[in-house]
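Chain nomenclature is as follows: A, B and C, assigned in order of appearance, with residue numbering initiated at 1 for each chain independently.
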Amino acid sequence: MTDRLQSLYRSRPRSRLVRGSVAVGGLFTVWVWTSGAVEVGDFMTGRRRENLLRFVTEESVPFPLRQEGFDLARAWSWARGVLWDHGLEAAGATLAIATLAIVLAGILSWWLAPLAAANVATARPFELVVGGERLVWRALRVVVRAGMIVMRSIPEYVLAFLLLAVLGPNHAWPAVGALALHNGAILGRLGAETIENLEPGPLRTLRGVGASRRAVLAGGVFPLALGNYLLYFFYRFETCVREATVLGMLGVVSLGFYIQEARAKLYYDEMLLLIGLGALIVLAADFLSSRARRYLRSGV
Amino acid sequence: MRAMKGPPTGFRLCGVTVEYGASAALRDFDLAIEPGEVVAFVGPSGAGKSTALGLCNGTLCPSRGTVLLDGEDLCGLAAARLRALRSRIGLIPQELGLVGNLRVSQNVLSGRLGRGGLLAALRPLFHARRSELAEVLAILDRLGIGEKLFHRVDSLSGGERQRVAIARALYQEPGVLLADEPLSALDPARSRETLGLLLDVAREERLTLILSLHDIELARELVGRLVGLRRGRVVFDRPREEVSDEDLARLYQLGGTGRAG
Amino acid sequence: MPAEALGARPSSVSRRGRLLTGLLLAAGLAWASLGLAPGDALPGETGRGILRLFCEGALSPALTYEDGSAPADAPLLLVRVGGALWKTLIFAAAGMSLALVIGLLFGFLGARSWWTDDERECEVRARARAPVRRVMTLVHVSVRVLIALMRSVHELLWAVLLLAALGLTSFSAVIAIAIPYGGTLAKVFSEMLDECPRDSVRSLRAIGAGGVGVFAWGLLPRAAGDMSAYAFYRFECAVRSSAILGFFGYPTIGYYLRLSAENVHYREVWTYLYALLALVGLLELWSSKLRRRVVMR
């Protein structure tokens, strides 16, 4: 019996890939934490500890409270000063950048998605025939897809940094452009997947009665794919707001700009307040986008 | 091998009514099942077969009436006692309830989750003892799928999965075996084979076997005692030889939602 | 629309129409409030020059330092790229492993299925545990709030915060990644656990399994495939985040990328970009292969 158990165990189906991946990941993680590559516990020593204590007990306390003791009215008037002065305006700008960027990304992906979808960008769209494809179409798809992969693999922050050099400072285009390109590529891929997963029947019928490719796109593909696509769209909106906050640190006027400024001046109390404000608008965007998704699904 | 008191065996349901909101799934239901008996609930869908089975392991409680398991009221028990009882009531649910990305061995081992404490519940998931595996293998061999011991359940066919579910129930070392529509996912040839297997096992282990079946012809051919249910009421309750065509006509008369097949 | 006049719910088509109209309006408003000029979206005179350099750099990434800008004791460019890539990977792995611990812990505690019993449990027992249940609800809600807070602050902002609090140490970078990623993992994990099919949970309960047993055997393995696929995807994101952390002085690829860009050495910039792209692409390939194995449908 035990022999049989052993032989059954040895011949059990298993995946080398999965086991190898787990082993590599596990070993690497252990190595990272034990080899000193990450300075664990470093902050508990000497200077760093003083730094941490000073930050928590002094620097992060709102400035007027530091000398004069805790008083709610004084704290509020300080916070109102920061918010009225630039905080709220910057929060508005952050939302504006995110909204404009996500709409532009949507428009961009509107063009990219069909070009990357295997059932549209082909010599005989929506038909069952697969083989015998002309090279032009395949090349087009490969180029569009590769472009999208590059665009979504470069972090928004780096994109914005490079666009800033090209477009110059003093306006929001670098941030808007970086977010639009990055998210356009992501939405383009998701849109292409949505289109490829569409029920082929109705589209084939449309094609069968002589509709042109463009007519099938306008009359069949887009209306059918729109529902799922919008779900992705609103999901990305939330991330857009998160990123828009941060892109300001490069010099575009969003919340990040003032966070960076406060940081440079070592006004850590103000920095904390603005980061909190950023968290608040991200939560608001999260709420908005989940409401929009639910509205789409059920009409509530 | 068996616990001191021995696993539960006999049921007595007295005047049981089960209501879901305004409608009743069972009405004034009386039934006694003796140890070692084999009983099949038959009838159209929605007749209350699954409800009747749910009463037998306390996953459902009656709105009125009592369910006695060897004299204990199943719905008045402390949580610990109920768990202990349930751990010895073998169950083959209609949807099987197997975990696809665990191995067959682990799925069968989960049959004894009702026993022991926290550690005993977690340990076999990561490390199974040789003796446990040998026991599992013996059960699987008996059901003809011993070779699949270390395969993942989602790589098995429908018939093989059904057997894994049976194996899990047997690994519980139950006194009673409950099977809810155990043949619903199988083709006719497999249905007969699987039902035969269940009956053989019940006979050899002297288990009380309670099934719900929609295939009344098969039930009439193989199962000892049939309880015909219709709209939550018992239409007939007799040994299979005595079930007449008239009974069946009453069971499926106009207004019944399904036809035996 | 007559249907609306009758007070009926808008159809799904008109709902989409409304959302799209609203979006376009919002975008118009955003445009106006940002005071954007369409012309600014295209590069000006100097911008075009930079763009040309940038595009040339894409075609011929640097293999050695451009115009001998580096100090004499600097390592070879490719060695530096490799080292930066390695550091990027280390920060990402350390941050992600910590995030995984946070995500699993809070994901369990934040999941409804961890706290609630089978809904068809006898009412008698349900009533007996009412006070315990109140404490559970409290813990559940506070964990969810904590998750939302962790997630709503961007990793770069966490980094800024931790830089102020701890200074430039690799541990602060790791925590900066671990906190928001842990929150996101926790949120997604808890949703995956809650949306898992319940058939095995029901059957395990029915054979007397206790809460922990049901969770560990019936729910966790079911969700584990999706959970690990998602975790791997987040690891790819963590590599990108870790790269960007370099902009704040950590020795990851962003640090050198920024230096080279500020010196207008776009060929070097592309070397770093290509290295990052290759790493992310490799991980993506690996994860898609793994996903096919782990998430069986």
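By definition in this document, a contact is a pair of C-beta atoms (placed from the backbone, for glycine too) under 8 Å apart; a residue touches a chain by one contact, two chains touch by 3 or more.
Since we're looking at a predicted model, the values are computed, not measured.
Taking the mean of all protein C-alpha atoms as the reference point, the chain centroid lying nearest to it belongs to C. With every chain reduced to the mean of its CA atoms, the largest distance from chain B is reached by A. Note on chain placement: the centre of chain A and the centre of chain C lie 8 Å apart, centres being C-alpha means.
Chain A and chain B have Cα centroids lying 50 Å from one another. As a whole-number value, the distance joining the C-alpha centres of chain B and chain C reads 45 Å. Each of residues 152 in chain B touches at least two other chains. Residues of chain C touching chain A in their complex: 9-10, 12-13, 15-16, 19, 23-24, 26-27, 29-31, 33-37, 40-44, 46-47, 50-51, 54, 90-91, 93-94, 97, 148-149, 151-154, 156-157, 160-161, 164-167, 169-172, 174, 240-241, 243-244, 247, 254, 257-258, 261, 269, 273, 276-277, 280-281, 284, 286, 289-290, 293-294. Residues of chain B touching chain C in their complex: 57-61, 75-76, 79, 82-87, 89-91, 93, 95-102, 106, 110-111, 113-115, 118, 121-122, 125, 152, 154, 172. Residue ranges of chain B in contact with chain A, taken from their complex: 103, 130, 133-134, 137-138, 146-147, 149-152, 155.
Against chain B, in their complex, chain C makes its touches with residues 118, 120, 122-125, 199-210, 212-214, 216-218, 221-222, 224-225, 296. The residues of chain A lying in touch with chain B in their complex are 1-2, 4-5, 8-9, 11-13.
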